[in-house]
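Presented sequentially are two complexes of chain A, the first with chain B as partner and the second with chain C.
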Partner chain A sequence: MKARRIVASVFRHLFLAIMAGIWLIPILWLFVTSFSTDPGIRTTRFFPEHWTLANYSKLLLHPDTVANFPAWFKNSMIIGVISCIISSAFVLMVSYAFSCMRFPSRKRLMSFSIILGMFPGVLSMIAVYFILKMFNLTDSLAGLIVVYSAGSGLGFLICKGFFDTIPASLRESAKIEGASEFTVFTRIVIPLSKPMIVYTVINSFLAPWMDFVMAKLLIRSKDPADWTVAIGLYNILQKTLIGQYFSVFCAGGIVVAVPISILFIIMQKFYVEGITGGAVKG
Partner chain B sequence: MKKKLVAVLLTAAMAVSLAACGKTTEKQPEVAPEQGTEQTTEEKTGDTEVVINQGSDDAIANLIAATEGTVDLTLWCSEMESYQNTMKELVDEFKNTYSDVDFNITIGAQSESTCKDEVLKDVEAAADVFVFADDQLNELVQAGALQAVTTTYTFDPLAANGAGAVNAASLNGTCYAYPLTASNGYFLIYDKSLLTDEDVASWENLVAACEAQGKKCGFDFGNGWYTYGFFSGAGCTATLAEDGVNNVCDWNNETGVAVAESLVKICSSDAVISIGDADARAQAKDGDLIAYVDGTWSIEDFQAAYGDNLACVKLPTFEVNGVATQEGSFAGYKLVGVNAYSKNVGWAMLLAEFITNEEAQMKIGANTQEGPSNINAAASISSPALSALGAQSAFADLQRVGGNYWTPAGTLGQTLYTGTDDVKAALDDAVAGITAAAE
Partner chain C sequence: MKRLLKAIGKYFADFGTAVSKGDIWVKLSLIIMGMGYIGRGQVIKGLLVTALEAVFVLFTKNISWPYITKLNTLGTVQREEVFDPITMTKTVNEYDNSLLILLFGVLGIAIIVAFLLVYIGNIKSAYRIQELKKNGKHVNNFAEDLRELVNDKFHITLLALPSIGVIFMCILPIIFMVCIAFTNYDAAHQPPSTLFTWVGWKNFITLFSNKQGSTFAYAFVKVLIWTLIWAALATVTTYIGGILLAMLINHQDTKLKKMWRSLFVVTIAIPQFVTLLLISKMFGNYGIVNGILTRIGLVDKLLEWGWISTSYVPFMTHSGLTHVMIILINIWVGIPYQMLIATGILMNIPSDQLESARIDGANKFQIFWKITMPYMLFITGPSLVTSFIGNINNFNVIYLLTGDYVTTDASLAAANAKDVDLLITWLFKITSESQLKQYYMASVIGIVVFIICATLTLVTYSRMIKGDKEEVFQ
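And now, the complex of A and B:
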């Protein structure tokens, strides 16, 4: 009986290991190719013949007219961080309002925003372009930040669900002590919602950090210093450049993952922390 | 009450979106340089007669006098580093030449092959001066994006450039762009230590030589750009219909069938492979691929693979009904266009002239692998690739096919490569697709 369980477990894990291996192959290939001395694509072999760090130094220290990675990274970082702050604030505030406050048409507004949120943003792309052009915001980081953060309040649903689980008695007791809505929000609800905030922050950073479509639409400048990481890396894949820059592209793909990983590692520990356990006494 | 609120919100949202659509700024393109009529050059190019008035020196003086403040110009050219650096040098020279004027010239990286799409996305926001491939001329002109070159300041592009380039830059008797290069074509790149002149003279010999050595040769059958050469070489046509949008194509006639059968026969050998640019470079480096049909843009990579043994030659012949027939090709040009919506049309035209004049073309030819379209510049620059292109140019056609050409032609190439029993059916399908009415 015990032997059968062990065998079953071995097979299960073997299966999972193989699946995980298959899933990791492309990433592994990207990783090893980023160390290749050969600048172009080598489809005839998986691991590079000779290993080097030159691609990373070219990418980070010696930008040229084709690959100006430091500038792209800076642009993406500015957009990512500012949009992240704005949209996290929007999401949390909208969620608080819908979850904790009572006002006329609350339900209606909520369903209306959910329906509005169901339309894919790309549908309005052309309208967004011309509206921003009227305000002279195309070709600017500010325009992209507006696009990424403006509608973010609509993603309140998950966060609102979380706020609903915070006992109303906590807020009520604060109110009895004379706290305003803002004090309740910042002193009671926010400190109790760390896991949710982590989720919101990671999400609202990832979307602008990785977005290609909106960035490509709004950044019309052909000066590589004005691009974001996504546009710049995409540009490297053109047939005239790929032969000289593919391994640099791979290095770029690896470096892009760094901020996301750091963000996740910092935020990760909050995931395991308890939420409201023991907050309400007696 | 609540229902009313929602209704009001919706109406407001609709009103805002409608207002956003309605407000487009109508702008008439300014007309550029002074219509100086000192010199008039006429040149017969193909079936159209193109005329350009050349302005006097006064025209430039007038332009400078009429300029106030900083002149903002944007220039889009190839994303390759060699191009970007060369253009930067040229722009600096331009600024020095007209040092009385304060310039703010931005150089952008935009592939010529997709320039049309980027320009037409928003013409007003596009560059003042941009480099594009000649096959995009029709659509750019139809969209009104190109400022017609009716007068020039410094030299006459019609006389300075080859007739083919001028023809490619003109439509219905009007010149719309300044020719820059004449090397957007393809030829055979091979390793001369392994293949003799005789081997590369015909596909049959080439395949036999590769088979004997256990090596490979080929091109990208999935790309209609290359497949075209076999059919055009045998006398079949695929080109734009008179409406300038749809295609006419007769590849499914008897000659076409013979061409297709010949191709199937060539491809039946394991030595022939169908691979794209990037794969080809890798295989050439590994020493497997010893002959490949490609263009000047990949010469550096093949140079790295073959070293001193790199050689270039016009495309091989192939047998049609037992007769050796020269493979044809597409020939293309890079042109410099001036945006009709530019705020500084005059300066934009002068800049376009400056980067396409003889000296500039010499510089570009020396720093990149490209061949100049300027007659004098072309005569003074030589490379194996450019000689091969020159030899091939006698068998090359201008690329004038509509958007519906590419997918069916690519599929046909793939079908012939994998082999089929019924080539006529494959050709019929391809022709039906190519000639289908464009939406």
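And now, the complex of A and C:
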């Protein structure tokens, strides 16, 4: 019996290792190709023949007329940080209102928001485009920030679930001592929700940072300095450019991915808890 | 439904009472909105409300009304330039811009409706204050009103900005999209140089019936079928795969659980626009996979056997093979994420159930199918539907993977679609990559997807309400 168990365990680990291998091959290839001296895509070797750091220096230090990574990174960063601040604030505000306050037609408003929130925003993208165009916000960072943050209040479900677990007696005793709702929100609920805030902030940063569709829709400019990371990396892989820029693309991918990977591995715990918190609730 | 009608009835009945029983101040506030407050000493509030009324009247009269009146035709005056050879200047006539008429018209009507609600609410509140005064109760002054906004009415303060954002970026676009579906807005009718106008249900008929010279109906059926197949397969494969992987990692004998999990999580951490583009290039006609297959001689073998007719394996360019590849690649993309979700839930399975099943002599498969799966389905049922909807609209996977795909089906190509397109990517291509820019067709497609998603959402939603336990912990 024991021997069988050991054999099963060995097989299980072997299987996991193979699976992990399959999952990591593309990542590994991304990594090694970013050091390749061969700039193009036509290769028959997994590992590059000659190794170099030139792709990184080209990417980060020598922007040319097509690849202007520093500008892309800056644009994406500005968009990410500002939308992250607005979205996080919106999510926390809405969650508090729905979780901790009782007002007429609260349930109805909440149901409406949930239904609206489940509806994929991508669908009405043409209309979003026209509306932003009317305000002259296409091809601008402000336009993308509006797109990413305006509707973010709808993503309150998980955060509200967390606020629901904060004992009401805490809030009530504060109110008996004369605290206003505002004080309760800023002095009691927010400090008690640190893990949730970390989760919300990281998520609202990653959503715009990783988005492709809306950026592709709104950025029509031909000037590389106006692009975001997503659009820039997509554009240097077009048919005419891929021969010269593929390894630069790989370097760009690694530069973008490293900080997020670290964030993600730290966040894993929150992620599991946060998602299930919401899932159990519905 | 009955309750809703009743509530609406009560809403107007209350308004009627307020008007008929209100005194002179309440009646005056029918015309000047602030009078009801000013008459009771709430001067600042009264002035603010009156200012709001003035802004509304000016905005509607000067800006939105001219547009609203043209909504029925969407403009009649075409833009014309007259070149004056003597002064060497161009003069442009006062032309109509259909797009602006539509946008401002819809916006203007929305503002009028919102104002009417405020207006009725205002009368009611003026009447309420009258009653308070009559009963000798305290009437708030302005400072107290402000304090209310961070206290009992804090929810108004909190929800104001997010609501405005949602109205402008979520609700208004949907209304606007529905409107465009009933017009003939395309490259040939492009404001400001040309007008577009209402065409009724014509675009819907184009999409649903085979007419001479249009292949939209043909493309629609093909794309819809693939969209549904894709969404079903993508959802089911990643869901089951994710649960199996999570169970494998969470098994009591598995060592280094955290490390295994992290290895898979790394793949989510890299943005999809990097990983998907990379993979699509790996499997490209001249990509590394084909390079290696050629080097080991497999391509020649396949050619010899007649399985392929090109000097490469057309992973991403062959109808059928590409469909399979997309599903497989999506498994790669989706499983780690599902694994994370499943991990959290698996940890919460009541262990006494598993234990008692084991004691009763159930084997592993029975436990999986009879206990683990039903439990998972119970908890993740709604999220399964959400991810089905998400997959219907999975723009990234399809768009980034199939950039090199060229359709051989002329009818599809005529409608700007490819065999591998989803409705959402088709919609996108119609608006931004085709020359004709048939915005109206894109809107019709958008509405169809909207209806599919909304139906699914409502079904899920009724379940979510049941699972609402918000006051259990409080």
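Before moving on, here are some points about what is shown:
The rule is short, and it goes like this: the second predicted complex is superposed on the first by the 252 of 282 C-alpha atoms of A that agree within 3 Å, B and C clash if a C-alpha of one lies under 4 Å from a C-alpha of the other, contacts with A are read in each partner's own complex, and residues count from 1 in each chain.
One rule holds in what follows: contacts are C-beta pairs under 8 Å (C-beta built on N, C-alpha and C of every residue); 3 or more make two chains touch, one makes a residue touch a chain.
Here the structure is a predicted model, which means the values were calculated and not measured.
In the three-chain model built by superposing on chain A, chain B clashes with chain C. When the shared chain is aligned, chain B and chain C each come close enough to touch A:41. In the superposition on chain A, A:241 makes contact with chain B only, not with chain C.
Of the two partner chains placed around the shared chain by superposition, chain C is the only one that A:101 touches, whereas chain B remains out of contact.
Legend: residue contacts after superposition of the two complexes on their common chain; A:127 is shown touching both chain B and chain C. More residues of chain A are touched by C (comparison of chain B with chain C).
In the superposition on chain A, no contact is made by A:31 with either chain B or chain C. In the superposed pair of complexes, A:212 makes contact with chain C only, with no contact to chain B. After superposition on chain A, the stretch of chain C whose C-alpha atoms clash with chain B is 95-103, while the remaining options among 23-31, 95-103 or 257-265 stay clear. In the superposition on chain A, the residues of chain A touched by chain B in one structure and by chain C in the other are 41-44, 127, 129-131, 134, 239, 242, 246. The part of chain B that touches chain A in the complex is made up of residues 2, 5-6, 9, 17, 20-21, 23-24, 74, 76, 78-81, 84-85, 106-111, 118, 121-122, 125-127, 277-279, 281-283, 285-286, 288, 297-298, 300-301. Taken together, the chain A residues at the contact with chain C in this complex read 5, 8-9, 12-13, 15-16, 19-20, 22-24, 26-27, 29-30, 41-46, 90, 93-94, 96-97, 99, 101, 103, 106, 111, 113-116, 118-131, 134, 146-147, 149-154, 160-161, 164-168, 180-182, 185, 209-210, 212-213, 216-217, 229-230, 233-234, 237, 239, 242, 246, 249-250, 252-253, 256-257, 260-261, 263-265, 268, 271-273, 275-276, 279-282. Interface of chain A with chain B (complex): residues 38, 40-44, 64-66, 104-105, 108, 112, 127, 129-131, 133-134, 138-139, 220-224, 235, 238-244, 246.
Chain contact summary for the complex, chain C toward chain A: residues 99-100, 103, 147, 150-155, 157-159, 161-163, 165-166, 168-174, 176-177, 180, 245, 248-249, 251, 253-255, 260-275, 277-279, 281-282, 284, 286-288, 291-292, 294-295, 332, 336, 340-341, 343-345, 348, 379-380, 382-383, 386, 389-390, 392-393, 395-396, 399-400, 403-404, 424, 427-428, 431-432, 439, 442-443, 446, 449-450, 453-454, 457-458, 460-461, 463-465, 467-474.
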